[in-house]
Amino acid sequence: MSNNITTEDILRISGVDTRKCMFCGKCSGTCPAFDEMEYHPHQFVYMVQWGMIDKLMESKSIYKCLTCFACLERCPRNVQPAKLIEAVRQAVIRQQGMNHMTENDIPGLLEDKLPQQAIVSAMRKYKK
Amino acid sequence: MQRELIERLNALIGEGVGKRVLGWKRGEFFYDTEPAILAADQLDELVYDSFCGPNLSKYLIQEMPKLGEGEKIIALIKPCDSYSFNQLCTEHRINKDKVYVIGVGCKGKIDVDKIRARGITGITGIDVDGDALTVHTLYGDEQVNRKEVLLNKCLSCKGKEHRVFDEQIGESEETSTGDDRFDMVKKLEAMSAEERFAFWRGELSKCIRCNACRNVCPACSCVKCVFDNPNTGVQNKAAADDFEENLFHIIRAFHVAGRCTDCGECSRVCPQGIPLHLLNRKFISDIDELYGEYQAGEEVGQRHPVINYTQGDCEPSIVHERGSNA
Amino acid sequence: MPVNTEWKPKIVAFCCNWCSYAGADLAGSSRLAYPADVKIIRIPCSCRLNPLFILRAFQRGADGVILCGCHPGDCHYSTGNYYARRRMTLLFSMLNYLGIDSRRTRVEWVSAAEGAKFAATMNDFAKTITELGENVKLGDLRCKEN
Amino acid sequence: MQKIGVFVCWCGSNIAATVDVKAVANAMRSEPGVVFSTDYQYMCSENGQNLIKDAIRDYKLDGIVVCSCSPRMHEATFRKTAMAAGLNPYMVEIANIREQCSWIHKDMPEGTEKAMVLARAAIAKVKKNAPLTAGTSPVTKRALVIGGGIAGIQTALDVADAGYEVDIVEKSPTIGGRMAQLDKTFPTLDCAACILTPKMVEANQHEKINLITYSELENVSGFVGNFTARIRKKARHVDEKKCTGCGVCTEKCPSRKGLNEFNMGLNTRGAIYIPFAQAIPNLAVIDTSNCIHFKTGKCGICEKNCSAGAIKFDQEDEIIERKYGAIVVATGFKPIDASYFDEYAYTQSKDVVTSLEFERLMNAAGPSKGVLVRPSDGEHPHDITFIQCVGSRCSHDATKGKEYCSKICCMYTAKHAMLVREKYPDVNVHVFYIDVRTPGKNFDEFYRRAVEQYDVDYIKGMVGKVTVEGKKLHVQGSSLLSNDQLHIYSDMVVLATAIEPDPTARSIGTMLTASMDTNDFFTEAHPKLRPVESPTAGIFLSGVCQGPKDIPETVAQAGAAASKVIGLLSKNELVGNPCVAHANELLCNGCSQCERVCPYGAITYVEKEVRGPEFRGVKRVAQVNEAVCQGCGACTVTCPSTAMDLKGFSNNQIIAEVDAICR
């Protein structure tokens, strides 16, 4: 299947410049979820740069990322692989029309204990 | 406040802090004030009220050589004037060691023309009580809200903090309306080139080359102005045509670019009402946008953006690329 | 409107001695043509260009003024063109603000090896100025008598 | 009225083919001020030059315009011609009617018209010219070298061998610098001390070299040929003339708290110490911050034990002020602070060391006497991991690190790996690398030997983190080629830390008004053609202070800098360029803006008595040092009152040209 998502889309969503990457592999060296992944953080960068977006979107790897930001923290080139992964996840969600609710449904579901961050990201997600 | 100030000045002179004071005295009309250097026995002439708009910093330049070793002059500096004071210190025109700065509080200064613009004529006096102005005229009293007749420069006030002072006297009150001071610059930028040309021709053609803007400007303090110097090739006492009107104001603005503190004195004193500060603000807004926000006179010793650079500066073609020739 | 077929633009090109003037020489020795309307004034460095000179040129009837200097980072005096770049950006912006077409003023970095670029730049600039026509906004009528 | 002569050159047919030279010469004859105008086939030929000389004499010309090729070609020629005829050489202007006219225009009327305009512009300019005389300044025949590492030593030796006096100022108690700390050198593996110490001795014994160690530069003033430096010679509290360097005091000293700088702080030394066995000068020095006598007034054991009576607790700093003709910067480098990269556990474990520390651990004179042991427990390591590019090649917007490649790390890491495997074949050695960069003679061969002959485990990938797990260091990294995440349990981790300019470089650069880049490396006058000179005249660059380099490159640059210094010092006086800036003191505002934009520090401000029609008295005015000014003109545009003008390219000259062209 073709998702029509391009490299440019991912770069725009993430704000990442993949050309800055020198493929040192420090992100993959630092990733705590490395063993769970089919594609690893440095491969994300490579695959986005070379347009292998479909493969990434279909891979379970993107959901294995814990968003711990260790790769982002340690990257010597400030490439920010974690943002790239997040962008691919977003692209999947936007693409498939998988939203089963709208942002108007959110207020009704709010609970006191919900973390602020979750509410904000829910608003972001369902507003698309 | 004026009485308090004079008492304090007498005390300071008594303590030997300085012999003379740079302040304001009454001008020809009650709403006129002018800069004055006052000795101890002239202090009763000192005025500090809602009409003390003039920026005094510049007048310290000529006092510097008159001061002996270790001698100081006492200067009254409003918050907005303190920027010019610092800028002149940066340029070594004023030696801070020779000045005892009294930061005087400011609640905004009144523009009498704005009162007149309300159709109030024959003004004989004004009483200030907080924000309530009672304007006495030949035809009776009128009530005016002080906030509505402040000088334009007070409406875009940089804040009531003195950037330099040895002591502070009097309270201040915010007068900034919070509006973007670059509004008019942006409006002009949004116009077509022809409209802009027409606007500036209309304004600059009013110029009578009285040099009031130059004389009042704290940044325009050259020993001899290029326009007064027969050896520069651009000497020019009175603008003979459009070009010379443009030339004087462009070069004047360029010479003060990066050093202009946006004190607004040029427009305040222009007898023809030319909004000269819009030229300076254009440079300021370009500097802020292209080279990072910068406020001249914020600190002593700053290196202003026009005598500085970074390797990654934008190219001059950005002017064209911003697409403002239409 | 009658087209003045006699009219030829006057273009003043200020060139720094070390890069652009040499680039212009190279354009010459490579026989790369550009309009005779372009007249070059040699200055030691692009940072020597005083805004007064530009305005003077317009006053005396120039229709376009271009400054050429070493590429940023290659200045013979190491930093001159960085200052020139800021000054010209601000000046051009001010002229534009006064309603003067920004295409009449230009800065181009031309190295001593870029003879072709020099010629191409001058051709392009002369073409632009010819299209824009005579400079009437920033001229001095007294200087146009003859 | 001035008398101007115009000389139009045909340049054979180069000009004459598209410019009607006779018409140009005729037209110029009617220009105001022109009293003579002619044309000739080759103005630069001897006959042509004679024609000019004759005209200058016959018509008493006080300015000439030569319409010919580019001034870059023959301006110097015609200036000499004018001078020979008794005219000031700066009363010559060239109208470039070849490169910028005849060669680019095909149409004769068009070419001729433009040539006339260019000639008129040159005439207009020459009328505003003033006779200029180049100033001269004497040269002090002594050089100052800042830094006593291999770069400084080599430069000093080369300059001294040419017969000039050289002072080396070194901030630490001994010369030798970083190279003295190295164990072996790549790619030959010869011992650093064996090749360096003879040079140190030579420098010490050279009659033209004066070592000023344990001293810091405090101030530099002056300009090329005439610098004055003030140097603070810190008190050693040891009489240099009496101390024999026997070392008894250093053994007897009861304080053992001072970290041994030479061993990168891996062990301690006495409060009185000699940095290392081969230190030059071989003198003891007291570290007052650790000395019991200085802290409590008691002790004095060193004094009692010194048979030479050299201990001088009351010795004070000494100020040396001396003149120099040239200054060489050789301030060198230091490794960056590895604690910024704490993902590698540098601050958490003693067994994570930097490469320079490792160098000391391997060295026979090091803290472990050359036996490789873990710093934490002194045990023999069985597994060592090297991590390259620590702090190098980081992007400018990354949170830490340097943007540049430190250049030497690939090679020294290969060296370390090889040396370990050579001495201790039982130790496993891993090297994590991004790229192995080995451009250099015998460099790649060296690296391949490490892989092929010594079986070093090179892993393409980076280490993400190092954690301390018991006695082991858990190294987690990626292997990009196998697409694996590796977990290695090592006994030691060695970080190939980036190098950065010595922290003193910035203040020295400011003192010298020598420009530096954003990384604090000194900038060269031209990146290709003048790589060992600073843009500031008389300042030269040697070694890593200009950019990362290895020992042979440093020595080569040191020699190159020395040859530039010798060239300068061999002159008795320097002839300046007369086209320099000049401040009109009456107009000067004293605002210092020009001082800020001058790239050479040529402008200073003085309080000066000024007398003019409108002002009399003392005022602050700009002064241009003509020997330092290079004539760029940045100051002239900065000056709002046009007090600052440039000779040879004055405001009036350029305005005259503009007017003539736009006429």
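Chains: A, B, C and D, in written order; residue numbering restarts at 1 for each.
Just so we're on the same page, a contact is a pair of C-beta atoms (placed from the backbone, for glycine too) under 8 Å apart; a residue touches a chain by one contact, two chains touch by 3 or more.
As the structure is a computational prediction, the values presented were derived from the model and not from experiment.
Participant: Hey, which pair has more contacts between C-betas, A-D or B-C?
Facilitator: Pair with more contacting C-beta pairs, A-D versus B-C: B-C.
Participant: In terms of Cα-based centroids, which chain occupies the most central position?
Facilitator: Here the chain at the core of the arrangement is D.
Participant: Starting from the mean Cα coordinates of chain A and chain B, work out the distance between those two points in Å.
Facilitator: 54
Participant: Using the average of all C-alpha atoms in each chain as its centre, how far is it in Å between chain A and chain D?
Facilitator: 47
Participant: Between chain B and chain C, what's the gap in Å when you average each chain's C-alpha atoms?
Facilitator: About 36 Å, centre to centre.
Participant: Residue numbers in chain B touching 2 or more other chains?
Facilitator: In chain B, 226, 232-233, 307-308 touch at least two other chains.
Participant: Give the residues of chain D touching no fewer than two other chains, as numbers and ranges.
Facilitator: Touching at least two other chains: 597, 638, 651, 655.
Participant: Mind pulling the chain C residues that touch 2 or more other chains?
Facilitator: Residue numbers touching two or more other chains: 51-52, 56, 79, 83, 87.
Participant: Chain pairs in touch?
Facilitator: Per the contact definition above, the touching pairs are A-D, B-C, B-D, C-D.
Participant: Which residues, counting only chain B, touch chain D once they are in their complex?
Facilitator: Going through chain B, the ones touching chain D are 65, 90-93, 221-226, 229, 231-233, 255-256, 303, 307-308.
Participant: In the complex of these two chains, what residues of chain C are touching chain B?
Facilitator: 51-52, 55-56, 58-59, 72-73, 79, 82-83, 85-103, 105-107, 137-142
Participant: Spell out the part of chain D that touches chain A in their complex, as residue ranges.
Facilitator: So the residues of chain D in touch with chain A come to 343, 389, 393-395, 397-399, 401, 432, 434, 460-465, 476-480, 483, 485-486.
Participant: Would you tell me which residues of chain B are touching chain C in their complex?
Facilitator: So the residues of chain B in touch with chain C come to 188-189, 193-201, 226, 232-234, 240-244, 246-247, 250-251, 253-254, 257, 279, 282-283, 286-287, 290-291, 305-311, 313-320, 324-325.
Participant: If you look only at chain A, which of its residues touch chain D in the complex?
Facilitator: For this pair, the touching residues of chain A are 20, 22-31, 34-35, 40, 42-43, 70, 73-79.
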